[in-house]
Amino acid sequence: MTNPSTKKGNDISIVLCGQAGQGIQTVEKIFTRIMKSNGYHVYATKEYMSRVRGGLNSILIRISDKPVKAFVDRIDILVGLNKGSIKHLKNRVTSETLIIGEKEVLSDEIEDKQKVFDIPFTEIASGVGNKVFSNTVAVGALISILSVKPEDAINCLKQIFKDKPKELIDKNIEALKAGYETTVKLENFYSVKIESPASGSVKKQILVNGSEAVGLGAIAGGCNFISSYPMSPSTSVLVFLAQKGKDFGVLAEQAEDEISAINMAIGAWYAGARAMVTTSGGGFALMTEGVSLAGMLESPIVIHLAQRPGPATGLPTRTEQGDLDLVLYAGHGEFPRIIFAPGTLEDAFYLTQKAFNLADKFQVPVFILTDQYFVDSYYNTEPFNLKECKVEKHFIETSEDYQRYKLTENEISPRGIPGLGKGLVCADSDEHDEEGHITEDLELRIKMVDKRLGKLDLIKQESVPPVLLGPENYENLVICWGSTFNIICEAVNYLGRKDTAVLYFNQVYPLHDGAIELIKKAKKTIVVENNAAAQFARLLKIHADVKVDHNVLKYDGLCFASDSIAEELNELL
Amino acid sequence: MTNPSTKKGNDISIVLCGQAGQGIQTVEKIFTRIMKSNGYHVYATKEYMSRVRGGLNSILIRISDKPVKAFVDRIDILVGLNKGSIKHLKNRVTSETLIIGEKEVLSDEIEDKQKVFDIPFTEIASGVGNKVFSNTVAVGALISILSVKPEDAINCLKQIFKDKPKELIDKNIEALKAGYETTVKLENFYSVKIESPASGSVKKQILVNGSEAVGLGAIAGGCNFISSYPMSPSTSVLVFLAQKGKDFGVLAEQAEDEISAINMAIGAWYAGARAMVTTSGGGFALMTEGVSLAGMLESPIVIHLAQRPGPATGLPTRTEQGDLDLVLYAGHGEFPRIIFAPGTLEDAFYLTQKAFNLADKFQVPVFILTDQYFVDSYYNTEPFNLKECKVEKHFIETSEDYQRYKLTENEISPRGIPGLGKGLVCADSDEHDEEGHITEDLELRIKMVDKRLGKLDLIKQESVPPVLLGPENYENLVICWGSTFNIICEAVNYLGRKDTAVLYFNQVYPLHDGAIELIKKAKKTIVVENNAAAQFARLLKIHADVKVDHNVLKYDGLCFASDSIAEELNELL
Amino acid sequence: MKNEKYDMGDIDIAWCPGCGNFGILNALKQAMEELKIEPTNLVLVSGIGQAAKIPHYLKTNFFNGLHGRALPPATGIKASNPSLTVIAESGDGDMYGEGGNHFIHTIRRNPNITNIVHDNMVYGLTKGQASPTSRRGFVTPVQVAGVILEPFNPLAVAIALNAGFVARTFIGDKEQTIEIIKQAINYKGYALVDILQPCVTFNKLNTYQWFKDNTYYLEDSYDCHDRNAAFKRATESDKLPLGIFYINPEKTPFEENTGVYKQNDTPLYSREVDYGKLESLISKYALV
Amino acid sequence: MKNEKYDMGDIDIAWCPGCGNFGILNALKQAMEELKIEPTNLVLVSGIGQAAKIPHYLKTNFFNGLHGRALPPATGIKASNPSLTVIAESGDGDMYGEGGNHFIHTIRRNPNITNIVHDNMVYGLTKGQASPTSRRGFVTPVQVAGVILEPFNPLAVAIALNAGFVARTFIGDKEQTIEIIKQAINYKGYALVDILQPCVTFNKLNTYQWFKDNTYYLEDSYDCHDRNAAFKRATESDKLPLGIFYINPEKTPFEENTGVYKQNDTPLYSREVDYGKLESLISKYALV
């Protein structure tokens, strides 16, 4: 969009900036839906302050003719709804950026050479009848620039508001039109036209964010119990399961604290439910004793941990990949675990679904490690395929001589549940004998440790291999895990180098054995992580015995941007 | 003691075995004091079941003319007070072992070829007037075998009972004499004579166990606040500071839970106290959020963690080195810490004392990582030298423009305390500005992360180097940390190989830089740990970049034994 | 009466001879026999402590979890399968100290479980420190100058939280204890039975004799439906009343209120995911 | 009256316009001015939540700790330096939910601190879930069918725990709030002030108007020294009484009871280790 008036761009990045409670989310919601229903690929993510009102938040929306799934620093169009918007984004606004807003509001911050569309949102909205319509006015302005016909937008608007009173719908249509018309009549108006993909496939795709993908995956995995305590940015999964889970018989309980949450969920698994908890770092710290309990009881448990920057309260609404070590080593004593870190919405869905089966099968804690960036981002993606999903219930009906911790050939003792069968189910947090009774038989202790730790090998056999993208004969390997994947992928794609591939881990523990070879093949390895201590690189060193050449780290509370990271990588390659 | 009747042994191992509440601790206490006051080196440790009464516990006592500080499997003399004693120790009792006890009680378990002194403790005690004196009868029997004169023992007995009524003292003397006499009159009686060291230096030495050494070190470090929740095997430090600390103005509070304990202690530091907590793995798991708080507040805190086998409740009265990883990575987010793992009583004292100064200086959590074996073991050692101790108070009197988190040249912001000076002291668990107020300035965030993590380098400069023992030109290096040190040391000494040295870490994080060189010099490295997952070996891999050749692990809940481990090491060397 | 159904035969019990825990174990077994509850249908949930070892001494399903954490799993179990009889049983330290927050909020939540507390006014397993219910002045290895905190009054707090069933018994009276345990189990909702139990090893203050001397029975005429009266009686401290302090017959249990069993009363383990419904939920995200 | 001493000047406050928190901030400042407490001698301890941000909005020493954990550090601070005025202030979720166990046991411990709770019957900062004090039926994004738990009654529980000073105010009456805060601070021991505070953004049920309609003042003749009466009034739920429910003038604060200040009333930071005494303690271990 070097010269937006002439260029037919195919990838526009739009940033909405305003105060909390100011309606940028409404603009986002309407605008992205309009664009998607017109066949465009859309992506959106937000960054926000830890406050209910005021402060400055921003939303990035990307519109393209090709799939877009990553954050970029570049701002083609900035819609500034509040004083301070431009300053707030000063590192990202350039002379190329088209600024849309009320000149009155933004004038202090606008520099001479900047391109500006001065559109009096509030005034126009008042003309329609109420200031609240200024959001829709802004949408009208945006679609005019994106060359979408008002009729096409209006159809979509009607859908969005279909449950609202007719008068309100009409007013919104009016506001959209007014925004559109005011903008196209601007003296310095120019627009871009992206050809929408001919296939029309986008329309059938779904638009979900990371937390919805996790929540849907949980339902698909047979989750019927969630006990949790609210904590940003993990609450959205609790909210999702309370709201949507209702129709699926999911019992959603807000616990008094995180300790209760995890102990309640472990109790639920004991009685045959499929339970999960959702939390963030600080809440999880409180759960670590419970994780150790699951280790000893050999109880399944699924834990969704959405990371935010620490230590302590840290930056509650920002993002970081800072709790990998915590999750790896949480809980006293030694016992195995499984850690997934989805980097795509599909992975979030399928791996969460899978987590319930694996937890049940191996009787271990399974983690879904996401972060604020991941749960709050969305793009269009294929509807999740339920044919690939199956709830594998691994519990058995017990016989009279049932022993919960029977020493078997393969480390796994069949899991009974109370009330199903003639046996008794004895779960014990002390070191126990095969029946589940406290023991001080120290030879048995060794067997029980070996049994518990031995499961790790079985688990490893089912580990998800890392995904390799790019040329097969790579010299450089850019390694990433979890939420950074789409960003790194776009960056490396952009660089288009024949010598560089991306290796993406969505299961970070235990590592698939194949990972070692893939990494050792590279002449140069770079690990990109959203933290300060290079935790995944450390994990690779211990568990894959590889030493990486470069760590690219970011720990200011924001995610990476594909355009900036591309430059940074290029320098290292 | 191959033939105790003739050999003048110089290292006798005695095991007392009986039920909880049965008085083996009384025998131990009296007997070790008698032996020490007669100039012998003594060592004792106990292993016990998690129950208040019943079960079978045992105490190992070693008597020697040279310092003895380690557990051995070998039993020269077994005093069995209860049915099952021999069975309980079946793996350690050999045909060489002299068994002392009431035949009636032990007859089922005694095998033909075994040497037995049948001494009717209870009957003799009843003769003196009460069954309770049977403990002292047993002491009498023991001193006869160890060739101690009754007069020498009686003097000591009088000292021990000096606050008791005269009648009781007389009865005990009578019991001791009776035990002595019955034994020497046995048909098959034989005795050993160890020459006590001529210097008499032992008499002036002190007899303290691990928890007393930690407790004394805390007082020496200026500790004046302890808030904790009881948990075996860490409670003894709380008890010590509640009892002995009283005279030193130590405020000892039993908190409602571990979360309260650590938050209360951090509050105490904020107000200028020098506070610690003591706990075990499960309790510590609950404290991990608080550890992260200390990381963010940059609050000093001293944490004594006495390990026991996990996961969960595990084996509450047994030993393990299973929580190193937990302590290394506890707390969400990233921040530095210091971890000591004393392996000698001297180290426990001096490092605990030092912990308070370092916590105050670097404003970080400092851990003292011990375990059940360590806190429950004792031997004679030089009185701790207070000349080496100094309470370094690092807080300042504030001026009006005081900023708690001032960015300085060396990462350390001078710590003010409320009420001392004209400034305000603002401690904040959110990411904060220099004053301590919540910030969303993400550039400042980076500076604050760098400041916190940057302290690690400063800390490293003061790390305690590992201790190298043995030949300088070693080919093999046996590496250990914490409580296993004395055991490994004795084992390697015993092997007496010119090619093998011991490297002992009492600070396990951050590692002293010199460690790498010492390890890389060896052709073969063996790490010995009391756990199943080789956690310290992993730490060496990450932080010293060394890969060890062999892991010697033990995870049955018992400590290593110097005689057995010597054999095992010999095979690997 | 022999409690055969629940009997474990000749097992090694880790309690001290003479301990009040034995009486509670017997009372519990007998109550369960009398109520004709099958061991396979009972789940005993405990924490850690001397009291918390009880599930190992009778034939039953059990969940012996973490110290202080009996109530959350008990709630999770009951809510996942309401047809099970669920008893959360532990010591005073476990339930009112480490687990205090769960105590409060479980009462508010009101699952249909019975909460039996072995109240020996001391931490037994860890060798005699003060518990929340320890009396002022009680000297221990940690409370060297005697307890200085106000004793926790579980009954008064439960009544303040509007618990539905609140009772105290003394194990010296096995008959009353059995009777009250039975009533507590039959009560539909959270029921608290605080059982005074001497710890003969670590509590030399609150002995059998002390409990005899310092308790009395609520009179027959006492009306256990009056919350204010119940509070008043619960705060008496000269002598501790025994009996049922408070019953609120109008509460509905948590698991019913969740709505999960409204249309379907099968336990969660037997349910299947409705993939058709899920498919249509997912497809809604394709619409605007 | 201008509260200059405590004023922060022109700062950015993260609360919503119209929020009850502003009133509490002003009341607190004014109470402190009137009591002539110096900012350098005050420590405000808070947890996490909207309410818990209050220390950032006045000039004072503060310890803004973890969610739910205001009371333990407040106790640690007071016990380490009794000459400081210590206020533990946070939201209802923080104090009664996550921090419930500390609430109970701090009352039992009775440090001389003031506990101010911004009771908006909702989790504000995390966007509107139910808090322990939320009324039955209150619909939220998580409690989709309305709250089913019994509301937590902080006053009744505090009285059951024999707290020494228990009060409730409504921030709609700033004068009474200031007056009661002052009395609470002057009370020598733990003092609870539960302040009803509308959350205009997430609690559309318990609005200013609702609080006005659903509260009334304890009558002048009310005797706040009668614990049973206090309990009765605290459990009233038709309309919530405002005022001081209970004062127990006979309690002595924790820090005094510890004995650490008996012979020496200096704060812990100014004390030195008596190495001579330590030497003689160590040497005792050389004796038998």
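Order of writing sets the chain letters: A, B, C and D. Residues in each chain are counted from 1.
Here is the rule we go by: a contact is a pair of C-beta atoms (placed from the backbone, for glycine too) under 8 Å apart; a residue touches a chain by one contact, two chains touch by 3 or more.
Just so we're clear, the structure is a prediction, and the values are computed from it rather than from any experiment.
Peer 1: Of the chain pairs B-C and A-C, which one is connected by the greater count of C-beta contacts?
Peer 2: Between the chain pairs B-C and A-C, A-C carries more contacts.
Peer 1: Need the most distant chain from chain C, centre defined as the mean of C-alpha atoms.
Peer 2: So the farthest one, by centre of C-alpha atoms, is A.
Peer 1: Let me have the rounded angstrom distance from the C-alpha centre of chain A over to the C-alpha centre of chain D, please.
Peer 2: Computed value for the inter-centroid distance: 37 Å.
Peer 1: How many angstrom between the C-alpha centroids of chain D and chain B?
Peer 2: Spacing between the chain centres: roughly 41 Å.
Peer 1: Enumerate the residues of chain B that touch no fewer than two other chains.
Peer 2: 49-50, 55, 246, 256-257, 259, 282, 289, 293, 297, 312-313, 429-430, 438
Peer 1: For chain C, give me the residues that contact two or more of the other chains.
Peer 2: 14, 48, 66, 97, 100-101, 104-105, 109, 132, 145, 258-259
Peer 1: Spell out the residues on chain A that touch chain B in their complex, using ranges where they run on.
Peer 2: Listed in rising order, the residues of chain A that touch chain B are 49-50, 55, 259, 280-282, 284-286, 288-289, 291-293, 295-297, 309-316, 318, 320, 322-323, 325-326, 328-335, 429-431, 438, 440, 442-443, 445-446, 449-450, 452-453, 531-533, 538, 541-542, 555-558.
Peer 1: Which chain D residues qualify as touching chain B in the complex?
Peer 2: Residues 14, 39-41, 43, 45, 48, 53, 55-56, 59-66, 69, 71-81, 83-84, 101-102, 104-105, 109, 258-260, 264, 267-275, 277-279, 281-283, 285-288 of chain D touch chain B in their complex.
Peer 1: Please output the residues of chain C touching chain B within their complex, sorted ascending.
Peer 2: Interface residues on the chain C side: 12, 14-17, 48, 50, 66-68, 97-98, 100, 123-127, 129-130, 132, 141-145, 201-202.
Peer 1: Of all residues in chain D, which touch chain C in the complex?
Peer 2: Where chain D meets chain C, its residues are 97, 99-101, 104-105, 107-110, 132, 145, 148-153, 156-157, 159-162, 227-228, 231-232, 234-235, 254, 257-259.
Peer 1: Flag every residue of chain B that touches chain C in the complex, lowest number first.
Peer 2: 21, 49-55, 229-232, 235, 238-239, 242-243, 246, 252, 254, 256-257, 282, 312-313
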